[in-house]
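Some notes on the structure that comes next.
Each chain gets a letter, A, B, C and D, in the order it is written, and its residues are counted from 1.
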Amino acid sequence: MIDPDLLEPLDLLELRGVSRDFGSFKAVDAVSLAVRAGTRHAVIGPNGAGKSTLFSLISGTLPATAGSLLLDGRDVTRLPVNRRVGLGIATTFQHSSLFMRETALENVLLAVVRRAGSGLGIGRPLRSRRTALARAHALLDQVGLPSRHDTPAAELSHGERRQLEVAVALATEPRLLLLDEPAAGMSPVETARLTEVVAALPGEVTVLLIEHDLDMVFELANVVTVMHLGRHLTTGSPAEVRASPEVQAAYLGTMEVTR
Amino acid sequence: MSPNSGTDIGTAARAGSAARRVPAVMVLAGLALAPFVLGSYAVGTLSRILVLALLAMSVNLLTGLTGLATLGQSAYFGVGAYTAAIVARKLTDVGVVQLLAAAAVSALVATATGWLAVRARGVVFLMLTLAIGEIVYSAAVNWKSLTNGTDGMSGIPPVVPLPGMPALELDGLVYFYVLAVFLVLFAMVAHLAGTPFALALRGIRDNEDRMRAIGYPTRRYALTVYGGAGALAGAAGALWVSVQRFVSPGDAGFEIAALALLAAVIGGSGRIWGACAGAALVWLTRDYLGNLEVVDGHGKLLLGALFVTAVYTLPRGLTGIRVPRGLRSVAWPSRKRTA
Amino acid sequence: MAGRFRRPVGLIALTTGLLLATAACGGGSLKADGGDTGEGPVKIGLLVPRSGIYKALGDDMKNGFELYAKQHGGRLGGREVKIVVADEGESAESGKAAALKLVKQDRVLVVSGVVSSATINGVKDLFESSKVPLVGSNASPTTLTGTHYIWRTSYVNDEPGKALGKYVAAKAQGPVFLIGAGYQAGKDEIEGFKSTFLPAGGKTAAAEVYTPFPQTKNFQPYLAQIEKSGAKAVFCFYAGGAAVDFVKQYRDFGLAGKIPLYAPGFLTEGGVLKGQGDAADGIRTSMNYSADLGNAANKAFAPAYRSAYGAAPTTYAMASYDAAQVLDKAIAAAGSKVTPQSVNDALAKVGDIDSPRGTWHFNSDGTPVQPWYLREVKQGANSLTSELVRLGG
Amino acid sequence: MGGWLDSHLVSVVDGVAFGLLLFTLAVGLSLVFGLMDVLNLAHGTLYLAGAYVAYALSDGSLWALLLALVAGVAAGTLGGAALTLLTQPLARRGHLDQAVLTLGITFIAADLLAASFGGEVLPTDPPTALRGSADLLGHTYPIYRLVFIGVALAAAALVYLVFERSSLGALVRAAVADRDMVRALGVDTRKVLYGVFAFGAALAALGGVLGAPILGPGPGVDETVLVLSLVVVVVGGLGSVRGALVGALLIGQVQTLGVALLPEYAPFLLFGTMLAVLVVRPRGLLPSAVRT
């Protein structure tokens, strides 16, 4: 792996003292964090560390109560979800939220078409929109669903739905892909396949993921952030994080690290 | 590569399409030959069913495709019918002009009133459309200078389909005019069903929040389809006037709206022809079976029995009787449990 | 039809073109109907509501027509008749569908019945263009003129009001409040009333009020308005369920006995009167019939009707009975060639009808020239007071 | 102001009577929808059945009215139970299928009732003791309607107390808000559902028995009642007892005071009001607390 710092020393996303309170409870407490372009950046931490809330703040489904978020140096703190999608932030959700009655292909097409143009799409039928179709087919192949293009999402397995979610997210041509516990509830085989899919993503897509499955984290990530009780504990390479006594104490100490 | 990941979405289905087209061709041929075989009443009934099938299709655009159950489509049907009647009496007997005028006015009224309706979903949407329907009905009753009140407007000249063609007096000839317009509008709806627009509407039906999250302005989509469905209902209203040569407030009333919604639902939202088949079933039951001597006015009993039976025996509507797999991509999907 | 064509526009344009090309060649429904009637029974269509809010009227009309046929051995004009009943329903749309079935499918010789004005307007062109006579026995809007195949044995909608105008102008000791159901028949009745009431020196208490029909069930706000207006009498037009509601509430809110109520006879006609009970006592109405008329024809009709159906005959039953009588004469006069056209021609020459309402004949518009009576409700029955006027000429 | 009130007093009082009648109808419809997501279009038929029961049993005595109340409530409960059984197999299929089913049942019932009771509107006279009119600050007002207001107020208060103040009511409200949560507490939610459906149906039939002298049974009355209750339910807010009460009283006033003040707009008042309310508050005046 090439050190991304050498090629592109830019921060794609920067969090400056971002907080989110629920009443007196600080779910995210003044987190500052930089995500470099092109990295595979994982956020880990025990339950209740504030990882999911942090994701919501980044995607825009929850507003931050303090601090600011910058995408490419531009302040996006006050932008709504759909504007952030337009700027290149895509999310896959912990609770699958696909269009269940539509086929896998149609799920991806919805995002592809929206990305391609801003009209209502009344003119040409889908079947003659060859570029969009080709792209949707290619995305499904890319995430490892080559034989499920015409299967309704409701009939896909849990793991396949997560793969489809990744395809839908990729269809919006994101620069930053947020993966919220992609391996939750998946079998080891499914997890391995999804890991491959994410690992094979092109370098221009920056990946930020929350994951409990540390095998997956340490296989995928080249930067790891540890959160604890809503606060940013440390950020570093997987090796550094594993070696950090602070982290050991707060989190890893209670778990068996297998690598 | 996947077996069907070519550039055309229909690759897999293309092989089967010849076989699938056989029933369509047979139905078309039957419709085309009907006036040569059937008597005047049967053909007139067929004309009316084609018109009401268009109305049911318009309901299905909202209800089946977008998931917005409506009890207000008779309002735009009525607006179209009155527009066509007024054009026919005051301006021209050319059918195409009546159709375009009716569709335009109905689209306009639908967009103006739909602005209120598309803010809501579910039962509230249903009730808003009901309110719009009732208000249009009351307007038809009370705006006497325009509509002639409850007496309705008669004395509408026979329709001339295109300039230069003869006026159509006979039921069989009117039927051909209706069939021609029906097929054109059917083709337009079939085309629409394959566009990204229709896919987006299905997305709204299934998961509107998610649609917003991928960046779709969903209310604009809902309003657009509402206006379009209004135009379709208006065009059906214009045809209704060509067939009936009469229009009264009842044409904009609750009974028509309810029957059209029921036709669309028992037809099943899966295919465009489902609404047409549903309309045929509903109106044949009411007007033909209901007037058989043994039935003697118990048409409503028959309709009720039809609805109850349909709900239990055809969970996916008429179109679910034989669900063709494969080409679901472009046609509307059958109603399915989302688990 | 499949939900999807590969090249829908092309395919359909082609089919459509073919259709239009063949349309000129003629066929089953592509020629005008002959309408000949052969030997055997003649078919007569009875277009009456068999369901919905007008069902009670439809029952009366069906009973009246069938009673006449039964009294004459199932024969009209010497020919055996087969009565084909079709359901008018509640709307012009369902009424027209049923009329189309009678005329075009059953190929009946003639149609009778029709309750609602909207329906008769809707089917007007059908009967005129197919040249099948319609002998209507109820609906009769004022605008229905200049027709050649439409006859009515009832009245014209403004006549009951016209009959009463002069009488009320003389009787009322002050301004009169006018109120009616907000559909065309209601407006016709009130206009008819004004056309004789105002010239006779009558004064109105306020602008006339039309209540939404059929949704008005609670008349309290209107009754309050009447009370406030200082009217000395009320002229109203209601029929069916609305008549029951209006009359009962008129009593319950204390207007009965204080402000006399006048109305076209539909207000207290038939089953409606039973529903009103003693609330209807004292209401004075105008009608072309009263079950207690003493003429010979009614002495034969009313008891027979009562014993057959267990209720006093209404004007609806009587007009329908007369429609059968008119057809009896016309079919007989049509002779050996009984066609819709020959029956229609005979209808024009049918002359005086010896009816339970008294003798009447058709005028040039095809409506009756007949006597109108004043009735008053006493002990739950309409009782004849006097003959008011002869109208229709 | 005094003059205004004097001239419209009867309209206001009558609006209360009408509104309370609507409440007995709407509250069941609202709860059944909120709880079970069942759009019960046969609700008007339950009123009609109750009103026919009152007509058939009435003989002028108070005992007959009491008997009619018992019989009507029994018929309504049975009807509600039957409707629950019929709609349950469709529970997962969405509102439309239930709407088609219950509307089909309405058509069948309307046809059978018309066949047995005829096509006339059959106004039922109140018991002799409650006939006649009373003086209401110088205006004549039917005694029966005054009594009706009293009885309906008592019924409304009872319903309100049960649903808003008792632990049973808390359970039902919790089930409206989150059925799974209540199920997780070990409650058999099906019993709650059946109970509420039967209760709502019984209340509608009760409304029919008591309302027969005001809004008599006849063809088309089921449809009128259904549409009015639906309007009340969406104006008040789905699934809430308080909403149904507020909506019913508002619509009652619109139908009486509103018509008295603006007679020329009478045909548009009902639905105009509904449109106006929903434009300002799309979820109704007082929607049930939790519902996404």
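Annotations
As a convention for this text, contacts are C-beta pairs under 8 Å (C-beta built on N, C-alpha and C of every residue); 3 or more make two chains touch, one makes a residue touch a chain.
Keep in mind it's a predicted model, so treat the numbers as computed, not measured.
Shared contact partners of chain C and chain D, listed by label, are B.
Under the touch definition stated at the top, chain A and chain C share these contacting partners: B.
Taking each chain's centre as the mean of its C-alpha atoms, the one that lies farthest from the centre of chain D is A. The highest number of C-beta contact pairs joins the chains B-C.
Of all chains shown, B has the CA centroid lying nearest to the centroid of every protein CA atom.
Centre-to-centre, using mean CA coordinates, chain A is 44 Å away from chain B. In whole angstrom, the spacing between the mean C-alpha positions of chain B and chain C is 34.
Measuring from the averaged C-alpha position of chain B to that of chain D gives a distance of 33 Å. Centroids of chain A and chain D (each the mean of its C-alpha atoms) stand 51 Å apart.
The multi-chain contact residues of chain A, meaning those touching 2 or more other chains, do not exist; every residue touches at most one other chain. Of all residues in chain C, those that touch two or more other chains are 49, 51, 55, 58, 90, 182, 212. Shared interface positions of chain B, i.e. residues touching 2 or more other chains, are given as 10, 138, 141-142, 191, 194, 298, 300, 330, 337.
Taken pairwise by the contact criterion, the protein chains fit none of the simple patterns, being neither a path, a ring, a star nor fully connected. Of all possible chain pairs, the ones that touch are A-B, B-C, B-D, C-D. Only residues 1-10, 12, 191-192, 194-197, 199-200, 202-203, 205-207, 209-216, 220-221, 224, 326, 328-330, 333, 336-339 of chain B touch chain A when the two sit together in their complex. Listing the residues of chain C that touch chain D in their complex gives 49, 51-59, 90, 182, 209, 211-212, 214-218, 220-222, 224-225, 228, 240-241, 244-245, 248, 252-255, 271-272, 274-277.
Of all residues in chain D, only 7-8, 10-11, 14, 18, 111, 114, 118-123, 125, 133, 139-142, 144-145, 214-216, 218-220, 224, 255-257, 259-260, 263, 266-267, 270 touch chain C in the complex they form. Contact residues on chain C toward chain B in their complex (touch as defined above): 1-6, 8-9, 12, 15-16, 18-20, 22-23, 26-33, 49-51, 55, 58, 84-87, 89-94, 96-98, 100-101, 103-105, 117-118, 121-122, 124-125, 129, 141, 143, 182-184, 187, 212. In the complex of the two chains, the chain B residues touching chain D come out as 63, 69, 116, 119-120, 122-124, 127-128, 130-132, 134-135, 138, 141-142, 254, 258, 262, 265-266, 298, 300-301, 303-308, 310-312, 315, 337.
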